[in-house]
């Protein structure tokens, strides 16, 4: 490096580095260097020194790299606004053909091999896949930033718990009902606000999500407030999976005359959840190829052009909103039955941010991306449990960097291409 | 490629599950679950310090039935969702025989269900919500009192000693705070005092001026607050600033020197009353333990000794039944009493302590709290 | 009852002027680049920490007289917070100026997470506080009731008015202000006329951060306590205030803040403080539906 650097403008590099060092000293000096303790403080200059040094070294290397031809290209690639989707060549066969059966096989074998702990982790992963898929329709495809998404999740979860408590409805009744309930809530919220400018929408949905949480927290007579409420375990035609029958059914181990398996409940939830995820994946896959799916994406890219073409933008947006909300409702039911107990604390703003991060990192609009990032994110959260405090920071950094590096996410949407066939009606 | 990624992680996950489960068999593994990260991380540390000290002392004295205790941490960060995952991990991967935990009542609730289902006993050193032991679970115990016991002490004190006629009850709309406020309210009503105001405030906010004006308008001579110190501090300060001189009474959620910091100085917290367990540092049985902890550079505050005592109870039960069976240990604990660092403890059929030892404390003008005689 | 009503008015006024100061940051940034600076609430949070650090530092140097202490803290906080505002714009928003519409918003949420957790890691998760600097209160008797206004509250209202006046002067009378207004009206045209709009945008972020810093010092003085999460709730309320007054309008931000503060206090007093936040959020939704341009904003015409 030292031989080649003579051709660079070293002065610029050094000036940049010094400037950055000065700024980071002002930024980190007080907050990192002086730690409040009661009304006094402790001075920790070492930490500031390390941080400033790291920032300066980073800036130095970046400036050096920026002076090489490769580096210039690299920096240019940030400024490029890589537009939209890329179209696959006609007749392209996705690798998914081979991978999908393998995954399904692994998924079927999984409950027989895993411990209960890993079952619960994977169930959580799948719940986030559902949430991510739903939000992906709203944010990724329709381009509506929804920051109160967790509100619909809460509606699903509380739908199951309250429906069981007051109406005696079980898991299977509430599963479709919660989806409908959440969709209706989505429509009620969406109808008045969807005419709004995109950023206003973000704030209104944020407000709406908070309203739902606050009402759940304050409406003591019905929701028991912060104390939370119990949610029922799933049953299957009167068969129960717990050690003792609670719903008046028969525990499965007594029915089949086998010894009690503590994993049974989780295996059942896992199975149903996996099937639901597959179903949602399929529906979503079809939707994006239908006119309404095309309309979502067109509206995201250019609303004015769409309206000029005679598209009813409110209806199109509303459909995206409702489908996204109903998916969250489904996820909520699974969450409630999996945890067996819910309280409003599980549905705060950060949950919305987490789901948003999953969608953004996976690639706005990309189904595969969302599935992958939901798994990576949830597993990372589990595996890095010790780094609890840092993970949210890493999260924030990831969100900012991703927006600069790839505003459209890790995996870009690929659209299948079609060749015009001669003499055959398409 | 991305799908291969997912498969790899799955394989990794399954693989590590197997290795984890094959690890722990030699010793008696006991989980210590609580918030080791997040805003309540300080309490998790108290749990861990107390439990490690207890494990060291018990192991030095021969262990449980001749086997050594091995402790594992479970971090729930005070989020119910994480508590479920942690509970399952402790039960399945770590194969724990008993659990000390959790801290937040909202976490103990779902987690204890999992422990009970798996047939192992759990003792919470700090969760005071009454519902925890009211759900018919056989293996759930506590080493602390219940909010309703705390409420009775506070309610009686307000009626008998403060002779209050008008009481305003404020809570923070959280599992702990509201439970405590309701318990106190119930006791006050039983004693014939009807509250003049019952309202909630939002955790995380700092402006309670409009609420304070309402308190002033109600003419209350005692304000009872169910909640934690981050809200109690500004609330008591704004009361004094608006000239409300009513007595401020609260529970064990404000037992922290930070109360004074958040209230803007000891001139505001002077005379604040609170209920808390009888000072364990004054207990002669705990003296040697306290000395040992202090020698290692740790001041055994808050729930440290409660955690220590919880592990003592587990050890006593396992020694008593000459095994580690959860159901038998639970039965043993309900029919015997254990001599712990907090004194002689025994449990009723629900798993609650038979005798609660809540007493009143008062904050002085130097920012310290003292047990009232 | 009279005294109670007036007391609630005072409570609302102090709360509202604080909302207004933070709302200025939202409204100016939105006016000029049309994005919601989600991290602005957290800039306020950082400034609260800086204020406490400033007070602690100066007290150690033996400065105990209130005016000197508060002036020193104010200068320290405003300067450092301004650098934060500038750096945030530089890192998280400037590279995204020509990106998709969602990109800066998501990056702003990321920045908000970064600030919160950075401060939590650096300063710890516990509650922080400052000692009471200005004791005493004004007691006014009205009929049978009375109103108590602490000197700190009077100081807050006066300082907010001075801050607003200063800002209005800068925006209306100086070259910098003219450049800001020109960029807000038509960025491309301003650029053609030789205004370095990138620099103007940086200035706007600095001004917004400086106003948040003023709010940070005042709030810290009044309530005496804060934590790393303090920016979230107050940020949303301030944004509501900005929308209420008409986003993009400076007097609107202040007016919106005061209206929100007063109506919140009166709602808590007359109805129930449990549902106070539900009320503010409902107010926000209602305004956006029925009068999206706010009280003092100009209606937006979308060019097709």
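To keep things simple, chains are lettered A, B and C as they appear, and every chain counts its residues starting from 1.
As a working rule, a residue touches a chain if its C-beta (ideal position, glycine included) is under 8 Å from a C-beta of that chain, and two chains touch if they have at least 3 such contacts.
Model, not experiment: these values are computed from the prediction.
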Chain whose Cα centroid lies at the greatest distance from that of chain B: C
Winner on C-beta contact pairs when A-C is weighed against B-C: A-C
For chain A paired with chain C, centre-to-centre distance based on mean C-alpha positions, whole Å: 30
Rounded Å distance, chain B centre to chain C centre (Cα mean): 38
For chain C, residues contacting two or more additional chains: 128-131, 232, 274, 277
Shared interface positions of chain B, touching two or more other chains: 38, 173, 200, 261
Numbers and ranges of chain A residues touching at least 2 other chains: 38-39, 218, 389
Chain C contact footprint on chain A (complex, rising order): 23, 26-27, 30-32, 34-36, 38-41, 47, 78-79, 81, 139, 143, 145, 192-193, 196-200, 202-204, 206-208, 210-211, 214-215, 218, 304, 307-308, 349, 353, 356, 360, 364, 389-390, 392-393, 395-400, 403-404, 407-408
Residue numbers on chain C that touch chain A, as the complex places them: 30, 34-36, 46, 49-50, 52-54, 56-57, 59-60, 76, 79-80, 83-84, 87, 91-92, 95-96, 98-107, 109-124, 128-131, 232, 236, 239-240, 243, 274-275, 277-278, 281-282, 284-285, 288-289, 292, 300, 302, 304
Complex contact set, residues of chain B against chain A: 1-7, 9-10, 13-14, 17, 21, 36-38, 75, 77, 79-81, 84-85, 88-89, 91-93, 106, 109-110, 113, 117-118, 129, 131, 173-175, 178-179, 200, 257, 260-261
Complex contact set, residues of chain A against chain B: 38-39, 95-96, 99-100, 102-103, 106, 110, 113-122, 124, 217-218, 225-228, 242-243, 262, 338-343, 345-346, 368-369, 371-372, 375-376, 379, 382, 385-386, 388-389, 411
Sites on chain B touched by chain C in the complex: 38-39, 41-42, 173, 199-202, 204-207, 209-211, 213-214, 216-217, 229-230, 233-234, 237-238, 241-243, 258, 261-265, 267-268
